[in-house]
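Take a look at the structures below.
One chain, chain A, links the two complexes that follow: it is found with chain B in the first and with chain C in the second.
Up next, the complex of A and B:
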């Protein structure tokens, strides 16, 4: 896990909020979490990464944040289904950004959205994940990067 | 293929040809005989006409006779008689010799000669009767005005010939009919025979080929079953790949499990790869397949270029992750007519093998990497090392907690940076103290990052901490690795220990593990700085102190040792000039009071506190203005050495100079509710005395100190 790679994911999220809502997202202080202390809000968009580094990256956000984003971008349908789709869209943007930046040595999966608790998110058990708090209009969300280099 | 290249179809072609020959023969015979029947029908008709003509001639002759008797000239009867005689005569001649005659309605028909003996006999008899009869009529007709007698005499001839001719013509008719009937019978026989043969031939074809077809189907079915059995049973993924890179219609069942999908028949192999390997590998694979389908390159020579020889594949697990496997694809050309028509592809799931190989390789590399650690670890007292590593993990957890919880505002982040710095500095000192120089260097590098954060003038935002968080993860990994080595070492030691356990004895406190460690640390540090020191210890076994002092005091003492060796004790030459022994003395005293509290005394006979240097450092670091520094009394100046980031050293290295150390001690003492006193005489000594109360239950329970750090 190196900061350049993580920064690409962070930039992916920041770009998404700036371009879609016109309001920049603020990056909090990153810290580490292990598999026993996963960070998860109501909706989580996950992408799997393999190749030179492997693991997963996910964006997790509370419904309130996603609802506000939907309203901000002019979407009147703020149902849970649409909030879930939005979490997937953010993950998809991260994936697209990563595909562009990482090149052909990486494989990035189709995003999957899970809702509910952290137990539904599977992380490598022996890996400390980097948790990057992402604040948008006082709503707390997080980008979690759990990557290990290949041998 | 032999016999005109018909091969296995030779028999069926022959049989069908026979069928056609039979049919054609029947058709030709049918045609010939039916032609003959038509001719016979004509003959029957003409024979019937002869009967009529003979009667007409007789009747007309009688009419002429009646007219002559009545004295009347003959009318149209003469012409009618001539016509009847002429037709009878030419028809009779045609029956005998064959030829064309006048038919009905002015047409000309061809009459075949009658060949059978009975017919010829009848005709000859008829001709014998007809010839004189015809001669008399011809004579009569030649006379335009015959007499009555002449007519009557001719009529008399007619009377005698007419009935004979009628009878003979009746026989002729019957004879011709019999001949025609015989031919019709023959025709039916021929038709029945031909159709029977053709039917027999058809039945032969039917049975022969049904049997052949059944045999062929059975063979095909057996072959298919064998192929299916192979494809179902074989563990490898087998399939043929076409020039269009599509998988053939048949493949082994194992292939579906290997590639993790069904409906593989006709699927594009390159598209299939696209979802499970990197784009780079997809491109290389396509090039390699092109190479194999090309005729120019040797198959064996290019096999080493196979990008799918052992390839890592990733299947989307539909949960935002991947299932990783290792597959092996082998390609062999299949030629048809000398041209590469297909590639036979063998796919194997070699995940277990590769994982085992990798695990062995990793274990080997880890063992190599751990050798250095092991050498380092072997030089450290195991219990002390274990204590240190547990404390190190705790310390890193505290750093992580600070990152997670103490970073809400820019001010919080600044304070967190300072606290993190103290923690890492203490940890670095302890790492050096136990002799883990590699880890100490790594922590020192992380300190550089923290220094950069601390000295950043602009507001700190969360993103600024990313490199620190990344390196924190690496420190965790290093500590984990060390713990792994220690655990393994402990296991090995447990297994191979042959030395019987010594009976428990009262350990001399001066030889207690912690004391030994401090002594070694002091000696090593002094050597590093070109100095000589002797470490003296008096008091209780530090390992018997109550928690949390037992865990945390080593950090405090490490800082005292580092501070004394780096800042206090002079170089040997300097000491000799000052009339001191070349070897500096560090004295530590540790006592447990009756009230449960602890007294600690640390003294060195070095340069003592150098107030001038402290004053200058305070000015340099902006803590005091020059005027304030000049006005500052000794007590206030001494207070400054407990300030964060205060150091009198010009440059920082692994052992000091960043001004962190005494503030760590002060933070601990404050937290525990103790007090610290300092005594110092320039060029003589520096003496720290710490008095700690009985630990509170919260501290004993291991509550995280606000500014603390682990031992």
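Up next, the complex of A and C:
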């Protein structure tokens, strides 16, 4: 995953938060993930990638951030079920929007959402994962991108 | 006019229902995947359908095909995160009349549906 490609996902994060909540997200400097200390908050929406690339993209956030976003988009039901749903939808939207640059052969799965710690998230062991730190209204979250080209 | 909303996300289904339910559209069904959509479509006979593409069990492309076999006059607005041109063209070639990319505002959605209905009236 080169710098230009990670920028596609950073743009996706910024666009999502600004468009959906009217409040911009601050994105920190991306860094390589340590396999032993994988970043994970309360809810994680994971999208599997196949086709022209392989690997996964995941968005992970605390419940407090997800509750806050739900309220901002006009959703009064802020139960854990909807927080989980939102984590999946954010991941789906950012990964799907990346097809604008990567094209149709960048195939995305339906989201799988896990709650709890990093031990529940499995990444392809041969891929390096880039972590994009996100700060939105004082809530920390992250987008993690672990991809390799197949062609 | 009757509206069927198809999306695997509960919050997106709610958002679309909120945005369009107050604009002379009666929400007659909420479906989580293509199979549910086909079943609800047969029972409720909607005039307008909002259709996600990436869904479990039956995706939106296959679902559009099935719904238009049941009623070719149905107005279908694709509402999807898949932002590449090829996917939009494929959906439009299949018979969907509009494509709205996620993330979207309630105003974007209302405008897209208005355009869809206007196009059907004048087309």
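Convention: the second predicted complex is superposed on the first by the 149 of 151 C-alpha atoms of A that agree within 3 Å, B and C clash if a C-alpha of one lies under 4 Å from a C-alpha of the other, contacts with A are read in each partner's own complex, and residues count from 1 in each chain.
We take it that contacts are C-beta pairs under 8 Å (C-beta built on N, C-alpha and C of every residue); 3 or more make two chains touch, one makes a residue touch a chain.
For clarity, every value in this text was computed on a predicted model and none was experimentally measured.
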{"item": "Superposition on chain A - do chain B and chain C clash or fit", "value": "fit"}
{"item": "Superposition-derived angle with apex at the Cα centre of chain A and sides reaching chain B and chain C, degrees in steps of 10", "value": "60"}
{"item": "Contacts of A:137 with chain B and chain C, given as first, second, both or neither", "value": "neither"}
{"item": "Partner chain(s) touched by A:128 [first = chain B, second = chain C, both, neither]", "value": "first"}
{"item": "Partner chain(s) touched by A:20 [first = chain B, second = chain C, both, neither]", "value": "second"}
{"item": "Partner chain in contact with A:28 - chain B first, chain C second, else both or neither", "value": "first"}
{"item": "Per-residue contact with chain A, leading partner among chain C and chain B", "value": "B"}
{"item": "Partner chain(s) touched by A:74 [first = chain B, second = chain C, both, neither]", "value": "second"}
{"item": "First, second, both or neither for A:110, with chain B first and chain C second", "value": "both"}
{"item": "Which of chain B and chain C A:51 touches, first, second, both or neither", "value": "first"}
{"item": "Nearest Cα pair across chain B and chain C, whole Å", "value": "7"}
{"item": "Chain B/chain C common contact set on chain A", "value": "104, 106, 109-110"}
{"item": "Interface residues, chain A side, partner chain C - complex", "value": "15-16, 19-20, 70, 73-75, 77, 81-82, 85-86, 88-89, 92-100, 102-104, 106, 108-110"}
{"item": "Residues of chain A that touch chain B when the two form their complex", "value": "1-3, 6-7, 10, 26-32, 45-51, 54, 56, 58, 91, 104-107, 109-112, 114, 121-122, 128, 130-133, 151"}
{"item": "Touching residues (chain side chain B, partner chain A) in the complex", "value": "276-280, 283, 312, 314, 316-322, 324, 358, 361-362, 365, 400, 403-404, 407, 413, 416, 461-463, 465-467, 469-470, 472-473, 476"}
{"item": "In the complex, chain C residues that touch chain A", "value": "8-12, 14-15, 18, 54-56, 80-84, 86-87, 101-106"}
